[in-house]
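Below: a set of structures, written as structure tokens.
You will see two complexes here that share subunit A, one where it goes with subunit B and one where it goes with subunit C.
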Partner chain A sequence: MNFSLFYLSPELILALGGIAALFVGLASKSRKGFPWPEVFCLLVLAAALVPTIAMLTMGRVTSGTSIFGGIFAVDGLAMFFKIVALISTGIVTLISTDFFRRIRFHRGEYYALLIFATLAITTLAASADLIMIYLTLEFLSLTSYILAGYLKQDTKSNEAAVKYFLYGSIASAVMIYGMSLIYGLTGTTNIVEIASTFKVNPASYSLLYLAVVMLLAGFGYKIAMVPFHQWSPDVYEGAPTPVTAFLSVGSKAAGFAVLIRVFATGISTAILDWAGLIMVLSAVTMTVGNLVAIPQTNIKRMLAYSSIGQAGYLLLGVAAMAYSSIALPSVLLYIFAYTFTNLGAFAVVSMISTRIKSDYIRDYAGLIRRAPAAAVAMVFFMLSLAGIPPTAGFLGKFYIFAAAIQSGNSWLLALTIVAIINTIISVYYYMNVVRYMFFVKAKRIEPIEQPGIMNFVIGMTFAMTIIILVYAGPFISMAHISSGMFKGI
Partner chain B sequence: MCDFSKNIMELTWLIPVLPILAFGLILLTGRRGPGEGAYIGIAGIAASFLLSLAVTVITVASALGGHEFHPFTHSVVWATLGNIDVRMGFAVDQLTVMMLMVVTTVTLLVQVYSIGYMHGDPRYPRYYAYLSLFSAAMLSLVISDNLLLFYMSWELVGLASYLLIGFWFEKPSAMRAAKKAFIVTRLGDVGLFLGLIVLFWYTGTVNMQEMFAAVPSLMGTTLKIASVALPVLPLAGILLFAGAVGKSAQFPLHVWLPDAMEGPTPVSALIHAATMVAAGVYLVGRMYPVFAYEPHSITLTVVTVIGVTTAIMAATIATVQHDIKRVLAYSTISQLGYMMFGLGVGGYTAGLLHLMTHAFFKANLFLGSGSVIHGTGTQDMRQMGGLSKKMPTTYWTFLIATAALMGLPFTSGFFSKDEILLEAFHTSLPIFWLGLGAAFLTAFYMTRLVALTFWGEARDPSIHAHESPRVMTIPLIVLAVLSLVSGYIAWPSNNIFHHLVHFGDGAAVPFSWTVMLLATSAAFLGLGLGLALYLRPVISPSIFREKLPWAYNLLQNKFYFDEFYWAVLVVPLFWITKVLARFDARIVDGLVNGVGYATLGLSIAYSWFDRVVVDGIVNLVGGATRISGRVLRYGQTGVLQNYALVAFTGVLVLAWFYLFR
Partner chain C sequence: MNSWILTAITFLPLLGALVILFIPKAKESAIKWTALIWSLPPFALSVMLWVGYLKSSGGYQYVVNIPWIRLLNINYYLGVDGISVPMIFLSTLLTTICIIYSWNIKERVKEYFALFLFLETGMLGVFTSLDLFLFYIFWEISLVPMYFIIGVWGGPRKEYAAIKFFLYTLVGSVAMLLAIIGVYFYTSPHTFSIPEAVAQLPFSKNFMLQSLAFWAFFLAFAIKVPMWPFHTWLPDAHVEAPTAGSVILAGVLLKLGGYGFIRILIPMLPMAAQKYSFMLAVLAVISIIYGALVAMAQKDMKKLIAYSSVNHMGYVMLGIAAACAATGGLQLNDKAMALNGAMLQMFSHGLITGGLFLLVGVIYDRTHTRDLSQFGGLGAKLPVYGGLLAFMAFASLGLPGLAGFVSEFFVFRGALPIYTVMTGLACIGIVVNAAYLLWMLQRVLLGPLNPRWAELPDINRREVISLMPLVILTILVGVVPAVLLTMFNGSVSRIVGMAVGAGG
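The block that comes next holds the complex of A and B.
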């Protein structure tokens, strides 16, 4: 066993940092003065990011490395999702700083929970054992429930937390049933051993199939995949906007991490053609997400459906993994691009909504006069989500579609056409926001205050949205290095 | 060459890059930049100057070091045409470093001088931006190792020249002059480009060294156009020379340079005296192997004839001009002709030496005249006079530069002019005598200029002249020193310059007392005549106008070149354009309109189809999409039990879908 404490250092830093954050919160009760909890949270995340990047770039990580008897993988896939989680939580922390400025709440606990949720994602990304996956998924869910209901006085926030909790419990119950079926079939919970057991001893096809569908209920709920998506618009709408941002990026990425690991490593397509199943779900997910996004009037609900649609495109990439070697790097690149774009969009929403005290798209009318910089940045975030150049989203979609086409599989080709039609549909509701911001006359014209920290967040995410396309080389090679250090079947 | 030197040499590409950075920076910062942009420009060219100095020291040291000298080259593939790699790069040899020193020195001094001269101009930062653009283009022209980059830079210096001549574009005359300069030099540029293509076609490369290596194999090769067989080498040489004729204002394309004096005077000094106009001479020097593929080649004969014609013609015109800058402009044309015929008669070293010395003393003269204009507010010499007391620094530096231009003994011009005449003396006596005549005329008109401007009494009492500020006089002093001493590197018995810059086996033509005495007496004769007419009028200055009115008018009107071109080229051209315009309006437009109406008819039909059928379908799709969105939305009831039902149904449907397919 090649065990080293170094492999575990991001998780150790996050665990200790999360506990320490509680005490930092106790020590700084005053809302005026230096923002210790926020700064401490950022420091912890940065401290965890350093060994993660070091492991990815210094060659300490190889495909198939794992510790603790194979339940904790130390490979490129895990590292990539850890980086995404740490960066996105960092941005969410910055957004939170502004969002909670006028609201009385328990700061120390909030940031501690954010750190714990991040710890859950990083551990989930590395979990290579069904038990471990279940535990970390629950860990992530539980922290997320609390975060979603963090605005205690707000009934919508309470509703979100309760709905999220009940729905999540059902989904994870279904999932653990599926896991128990797999354990029954193979006698092991380690996904590498599951794969090798299936190879020598093919299981009953129908039972395995049922188990896979049940697993998908759990994973699909995390990534908001149709038909396990219905919690997301309600939760996204009710949760505090920074938490919504966290759920739409970090939590979703965690779901994809575990989905990719279990399917690529644990279940060979020779035994079960899961790619076909994913393709069907992909088509349904993107179509439902994009169609229902159209009539939405609340921008957070619109972004919820938008992120369901985005999950659909990503599922297309996951399905292509069965046929194409460039599919996995494409998915990773897409997730990276999506991270900055979606967080940027939520940063704008958070900043504007807290000031105009409305989440309705119609209240964004004339934003170009009231907050010109934010409005312009929002245009680019919308373009990126729709996958239109000159933005990162275009690069991501281009790579995923290219991978699907390169695979040569005719079903994937058909699905790509569906995806392209969906992209066109999505332009309608994305540009609807732009239409309101630029062309609809505002009822009020006084400028909206833009604090420096939000200018920084929006500017940074905006810059990344452009840079990932313009200077794509490093990001493409990061995706390739990460996927190169991950071995599926 | 040691490693350290090599590292420095590899930085040569930075020499043009630094000014272009300055250009960009000035454009970005505008008036907010340090010194309103002036300091950025000066810093850029000063850095280039220092780098050029280092490159020069290394090159000269290794050329004098005794070992066999190879030009330092560096290039990268720029484009691939078929199987030919077009490489872009730089080459540094002795000729390059000479030009580098001339260009960076004069540019630096002119930029410093301009702080004073352009003070208070509303477009001050833009002026420095243009100057920096010019220096960048000129320096990349100098270091280019291939004709393509050379040509690009050549066009860029033309552009910068155009922008700077027309810098005060509110003046219609400046606007016209800029246009004229651009168009007239373009005529020559076409030749240069054709020459480039001919050489590329026959040698398969744009690299100059590779071209030269291919020259012997092109002897006797001919290019057949219709039934006329043109020998390739003279054809290419003369085409290249056409470019030089345009840029260096040689007969018959010299007409733009006097008008170019509409630009700010420091620009005239830099571009239209010292550097850009010398680029034509540099082109001939750089491409000399193509010109001198055999001794006394046809190409060189053409160069000689054009050069000597220009020298004499421009010198005669200069004798009767009243505008101080115009006199200097014609003098520049005449001196460029001098360099050209110097190169033409085989005096490679002599012509290029004169290029260098002339750059210094003519820049000095122009900046001096700029100082005079700055101090008096007029360019007409008839309104000046008696300035020697009021502007002593300007006067003395001007005097030194004048002496150098006349070729008076022990000034820089003395060495370079004598060498050209020496070469001509050995090659062709008629050319020698014509050159001597030009030297005489030069001495005469320069005496006249100095006498009218600085000596005697002030003729216009309304002008209160004052000496220019330090920032303008210090460059004058530096240039005056250079005008004096820069010739000594070519001392006849120990000619370092010849050792560095020579062509072929490099044997120097033996020194001749006869030539030196003749040349010196020609200069003194001109000086004497000038003094006799203008200092103590023994002879009335107007005698020429009275006795030979037709000749005076001919010169006053510059041999009627402008009028000739106007009547022979411009008027017919306008006539042709008018005819073509009418053809366009009646016949072409008629056709176009006919097609237009037909299209309109068709498009009305199409539009109906589009509106009713295509739009109908599109709207149907859009409507269906929106309606399906609305319908699907009803699934989102907000009731958690329904959600759970959907999820479980989903699991069941998926299971059913695969289990029983």
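The block that comes next holds the complex of A and C.
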């Protein structure tokens, strides 16, 4: 039981910290003076990060174990996604301090909600039971709905919250129906037991397939997979930019965590060959995301479609899991690279948009003269999202393609070609931002204020975008260690 | 051996670019001098490489091999042989020349010079890397600065040309990325090292896969060269790019394609190369004739030179195709000769076309037009300019005694026994080549003077200084081609020997 407490310490810290954050917010009403809520939020996240990293590095979870009767997994996969969630919420917190500086809003509650949303992700990453998965997914959704609608006076933000809620409730209703079908087939909700039951008595193919498709509706909604992606452009556009950043990274990573766990452990390809289905979804997702991104004029909508495209590449890695030993590490590495790149891009968007009071790409014209450092960093974020060296995104893409080629599966090879065509399409709209920033003359040329905190965030994410490639060894090892510990289940 | 030299050559320009970023924007003169001074050590080091390289062995020298990403067996593996040393020399020389030529740039000076040095690192990295992963990274890095150089300082349709250039070359490079990953998984132990992969001959048991890898690499290199029908990005990029950008594009970036064929395709996938060599030869001949004919039809002087690049790089490809086809035995000599010719032609084309683009730039800076029908009689008005233009045009059409002639001679002599008919057809290109260049000279230099240019000043000292090294080297290579051939030959024989041993 002693160990259980240690295993649970990140969640305990987040839960207590989230409640405390409410009181810290009450105590510091004035918007001037020391930013207690922001600092407290960062401290809580850092405190939760320490035991998580300790568990991953100190070998406490070498073989992967679980507590509370198998509903809470303690393994590399869970730790990896917890680290991604904590780091990305930390960056989102820093972006928020700048974004909300000029807007009247309830800081204490906002940061408390961010912490609770992070708690939802960390728990979700560890959930190994269908009930637990459903509850944590709902927990994450509810906190996200409120966060998306946080700009009370802004109609677009309200619209975002309502849309997110409507799509979300339908997706989760469909998902829980799928879960009930699986429970009916196996008599258990525990993922490991589901796997062992199916191995003994194979279920009816069509019924199981139907259940899997229904599960995918819930997970696909979180990762913005086509055809469950329709909410994302409107929500990304309307939500406050830091929340959009959170949804596009932390929330998406959570979706992949649960997708990987359920499909690698519970319903493995030995039980039902889902690789073909995921391949089709991957091809459709990346193609729709990248094609529809081209005509976008609003940078947040463009990044929304881009992140749909990114989900497509990640699904390629998920599909390869059935055939290649490096597929899971490649997915994790890609997510890690994407985390810093995408948050960096949103940091630039948040900083610039609040100052030029526009989200339109055409208003980024001549940014190189108005905010040179941010413009240069943005070039590298765009290159990284497109997967062009010398950036982290290149390493991620390279590794996913390597997994597909290692598999030797000809369908995966064909999908890789689709991914490559998509990469070329994506360069067009990513470079369109660069074109405006560098080639098009600005209507106004006065410099844009760059506060120190945003310089720090952009500088840090930029540095990581380069370092993950140049000093790749530790990051690749981390991805392999995380997935190696996952195998043990 | 002095293993630090290659690292220094490759990364000094990048360091220079970073230094420039810290100079205040207003201090334009300081920026220009810093750029010039930072471009000199790499040039000096490339001369050192040339002198210090032991030509007789032909193997890789100045090698550095340090593990980079151990888990994937990726190494920081640099080394040069007789094929890369002249290309490194050409890159560093042309960068310095471009910086001198660009002294009159007025817009966004700081970014301009920083990007040129950044570009130099990308190009040099491709020529020094012996690890495919590293090779790919530098290959892509060289793309980004050129995109900006065209897009910011280019002509009226610069944005279109920049993205077209970027997307076109990217199509090839991502295909190459898949082939590189394929090579990795089909070698054991898995390796990205070029020499190791060449020794193992990946896919030698599976011809289907070898063919796929061949076409993937082919796409990357053929677009870069560019070969017909992959050449359509080139005229746009050249016409819109600023003068110095065109010089680097023609002088070095096109060579990356030819270099890739010789460094990777021929030795690593010899069977597929041999099997498909006839197609290469056909495309090469089409490039030669088509490039020449289209050049003939141009009214824009810069576009004319751009199409002449398609024509001239066609000779390079003919030499390479012949080298792929040779089966060994008696053909070994021809093969070596064709490859030597291809290398020689790449070097000469860098000098001559670089010079021609500079000369187009000189006249465009003065008249703000490149329309050939607007010129005439400038030979008497601008005698020094006229002389230099005539010199470079004659070098380009293959006047004996200048660099263009020996290169083409070697290519034809090497290719003739292997592809007799194709080589014969390629000779049509030579005739048309002479026709369009002479016609261009006639329209610019001879005839009545357009009164609009009555006050035109002649070429100035800075411009002459930037052209002089090219003129001198063009004569030197033309008269004593041995300076280059001794450099190439050792490494070419190695490649020839390797490829034949495996293919035959």
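Observations on the structure shown:
FYI, the second predicted complex is superposed on the first by the 482 of 489 C-alpha atoms of A that agree within 3 Å, B and C clash if a C-alpha of one lies under 4 Å from a C-alpha of the other, contacts with A are read in each partner's own complex, and residues count from 1 in each chain.
The working rule: contacts are C-beta pairs under 8 Å (C-beta built on N, C-alpha and C of every residue); 3 or more make two chains touch, one makes a residue touch a chain.
None of the values given here were measured: they were computed from a predicted structure.
Once subunit A is used to superpose the two complexes, subunit B occupies space that clashes with subunit C. In the superposed model, A:204 makes contact with neither subunit B nor subunit C. In the overlay built on the shared chain, the residue A:435 is in contact with subunit C alone; subunit B does not reach it. Applying the stated contact rule after C-alpha superposition, one finds that A:480 touches subunit C and leaves subunit B untouched.
Applying the stated contact rule after C-alpha superposition, one finds that A:277 touches subunit B and leaves subunit C untouched. Legend: residue contacts after superposition of the two complexes on their common chain; A:297 is shown touching neither subunit B nor subunit C. Once the two complexes are overlaid on the shared chain, A:472 sits against subunit C while remaining clear of subunit B. Using the contact criterion defined above for the overlaid structures, shared-chain residue A:57 touches neither subunit B nor subunit C, since it reaches no partner. Of all the stretches 273-281, 489-497 or 597-605 given for subunit B, the clashing one with respect to subunit C is 597-605.
Residue overlap on subunit A between the subunit B contacts of one complex and the subunit C contacts of the other covers 428.
Subunit C contributes residues 68-72, 111, 136-137, 140-141, 143-144, 147-148, 151-152, 158-159, 162-163, 166-167, 170-171, 174-175, 177-178, 181-182, 184-185 to its touches with subunit A in the complex. Listed in rising order, the residues of subunit B touching subunit A in the complex are 625-626, 628-630, 632-633, 635-636, 638, 640, 642-644, 646-651, 653-655, 657-659.
Residue ranges on subunit A touching subunit B, taken from their complex, read 163, 166-167, 170-171, 174, 206, 209-210, 213-214, 216-217, 221, 226-228, 230-231, 233-234, 277, 280-281, 288, 291-295, 425, 428. The part of subunit A that touches subunit C in the complex is made up of residues 368, 383, 388-390, 394, 398, 401-402, 405-406, 416-417, 420, 423-424, 427-428, 431, 435, 438-439, 469, 472-473, 476-477, 480.
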